[in-house]
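Got some structures for you, see below.
You will see two complexes here that share chain A, one where it goes with chain B and one where it goes with chain C.
So, the complex of A and B:
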């Protein structure tokens, strides 16, 4: 019976790999069974071959989504850093600009932000490249979350270290550079990796303003081939192919940091 | 070394941490602060080393007044060394990097000289083999010796230590106290807060007894320990020396 239970640190270790493999397989089959039931119940005429013809469209869309997410990650790190520093500023107007930005973005749905930005701000500012717009919207959106991640990272650097920095004669700029930021970044890494996974999923909403990313392309394949939802399977798998490794990476970093300190 | 503190006060909310703290210590080489917990020893020390600014009163070190502006205080702090009870070191740097950081960034030493200066001091405190370890890989006593090495590296005119051994077990306490004692023997000027009465008696030449935010009594360590003048000090000593 103990075969299906996780090893406690004290128990004699049984063949560990095999054990997890079998349990994972059981869980997978069990869940697949329900999915199978659901699909047999709807009595649907599958049409995989015509969807498969459009595999290039999937690949292109996937590359666009991943590309937008990477570029966005870069800019949202900058936005998030500035907002986090702004929120700590002793200059009150700056502090409030940063707080209002963070609260507004975190308090409204991304879809609303996309529409507002697309129909109002981009129009007024005369931006007409959709991809630029998409990256700007996503960077502002993600930047607010990253600002909060950085804030938590900065606050994780204890008061005693700040006093030590003062004691050895570091200026406040040097304290940020050598003491706070390196540790805040390191402590923020797991959450940042998680945020990157969110970014990839959230970028699917850019399909609503006709950016030819993964989700939009999948929807197009559905309508071209007159199929209802075959394309959503490659779509889900395409997202998982990048979010699962990223989330795993986040976990690995978290453990590494825990063991190092 | 001369230290003159004239009626400094400091409030935290409605708590008077320092309440007319006055002390005139002339020609000391090692000055120890002793006294009951919450009496204001750490607060006094933080003011002496320019980490905090008093609400009123003034502090003179060798006849120069401590500035009351943060940017000038920063310059003052560069000329002294400070070691706290614990958590002195930056956890993301190795022992060596902890020592070289202020040398390079604050004292504009080049990396090569900073390294050899740091290794010289780590060697002096028996830490040569631990130079490349992070604080998490060092014992408490080793960490404190690294912290002392870091404070000493820029050759400060005076060293301030706040209970450098109170977070350590007896064996590590001994190794850190030996390190401090060797500094006194070398003529380094030191002000320290300590609960180690034996050490205060042996290594310090002057002792101040602090309670209720004031200096209740100050004299040579022989006099203070053998002939305390005030009742509070006598009571305190009889209690702490009992065990």
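So, the complex of A and C:
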């Protein structure tokens, strides 16, 4: 029985790799069995060849999704940093602008933000390029979450350090530059990687304003070929192909940080 | 005090217990057939006035809803209406979630490959809602580089665009309202959709759009039925014939489509129901 339990430091160790491998295999088979049951229960005529024909649409869509996510990540880091700083500002109007922005964005569905931003604000501003607007909307959306991640990172730096910084005569600017930001950034990294994974998934909602990203293209293949579920499999795999490595990366960073402190 | 191995044994009992529970639930849900045979389940997307829509109390209403009610009465079955997005209707029918589709659906050859259709009950055509300042004045000017055309996903307009439009940029939407907004804000030049909806959309956006109502492709609507269900198919065709003879469609047209009918007559565009 102990074969299926993770080694605790006290227990005698059995071959570790094999153990994890077998358990993973069991879990995988177990879950696959239920998925298989569910699929046999729906009595559906699978037609993979028609979906396979449209593989270029999947690839193009995937590249657009990943591209938008990377550009968005860059801008949302800037937006998030500014908003986090704004929220800590002692100048009250700035503080409130930042708080209102963060709360509004975090408190409303992304779908609503996309529609309002694209059809009201962007239209009034005269911006017509939907890809540019897509990146702007996603950056503002993700930026609010990143602001909170940064804020948590900044607050994780102990008070005693701030006092010490003051004691050795650092100015407020120097305290941020040499004490707070290096630590805050490091503490935020795992959460940032997780946010990036979310960003990739959330970008699927940009399909509602006809941005030809991964989800829209997959849905299009579904409707062109009159299939129902076939397209969703490449879709799931495509998202996993990028989110799994990102989440793995987040775990690696987390472990690294734990050893350093 | 419990030794670790006891704790483990208890834990594994719990794990096995909960897994068995999960297994039972999944097994039951996989085996049970949720369909009650006596109820006629009609699928439609309630976002297509005046055919499929909801009233202030959120009850389904419209031409197709009244047709469904008459059909259920004809068959002597209870009626349940399921609100399903248009692109999801055929999958729902194929997986047995619904019995028939009455959702202003055009009987096309592509769709016939996966489902069956009744006799047609309405003829209409695809036409264009064009943004006011667009250079497009006729259908022939549609397929040019630099033109963007909005379509709704899964509609015949989408199929038409996918097969016939080579140079223009096609924009896909899941909501009719988004596609109309694109045209009225000049983000898209034209929206390919059916005549009646195009007319209504133009009515609502007269300052920003023009309707080119001459059909670029004729099509007819029919009731969708799962493949090889001959009994239901002939019953439905019976129903359509009697309903048409008894003036059912005329009174529905009078009730829901009066304005469109008159306008179409004025423009000299045939309107069949």
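One rule holds in what follows: the second predicted complex is superposed on the first by the 261 of 261 C-alpha atoms of A that agree within 3 Å, B and C clash if a C-alpha of one lies under 4 Å from a C-alpha of the other, contacts with A are read in each partner's own complex, and residues count from 1 in each chain.
Everything below uses one rule, namely that contacts are C-beta pairs under 8 Å (C-beta built on N, C-alpha and C of every residue); 3 or more make two chains touch, one makes a residue touch a chain.
Bear in mind that the values here come from a model prediction, so they are computed numbers and not experimental data.
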Request  = Overlay done on chain A, so just call it for chain B and chain C: clash or fit.
outcome  = fit
Ask   = After superposition on the shared chain, which partner residues are touched by A:65: those of chain B (first), chain C (second), both, or neither?
value = neither
Message = According to the stated criteria, A:163 is in contact with first (chain B), second (chain C), both, or neither; which is it?
response = first
Query = Of the two partner chains, chain B (first) and chain C (second), which one does A:142 touch, if any: first, second, both, or neither?
reply = neither
Query = Which holds for A:183: it touches chain B only (first), chain C only (second), both, or neither?
reply = first
Inquiry  = Between chain B and chain C, whom does A:203 touch in the aligned arrangement: first, second, both, or neither?
reply    = neither
Query = More chain A residues touched by chain B or by chain C?
reply = C
Chain B versus chain C as contact partner of A:171, first or second or both or neither = first
Remark   = Min C-alpha distance chain B to chain C after superposition on A, in Å, is 34
Request  = Name the residues of chain A shared by its contacts with chain B and its contacts with chain C.
outcome  = none
Inquiry  = Per the contact definition, I'd like the list of chain C residues that touch chain A in the complex.
reply    = 4, 8-9, 12, 26-27, 30-31, 87-88, 90-91, 94-96, 110-111, 113-114, 150, 153-154, 158-159, 162, 171-175, 178, 181-182, 185, 187
Request  = Flag every residue of chain A that touches chain C in the complex, lowest number first.
outcome  = 1-2, 4-5, 8, 34, 37-38, 41-45, 115, 119, 123, 128, 130, 207-210, 212, 216, 219-220, 222-224, 226, 228-229
Message = For the complex, give me every residue of chain B touching chain A.
response = 49, 51, 74, 77-78, 82, 84, 86-92, 101-102, 105-107, 134, 136, 150-151
Task = Enumerate the contact residues on chain A facing chain B in the complex.
result = 158, 160-161, 163-171, 174, 178-179, 182-183, 186, 260-261
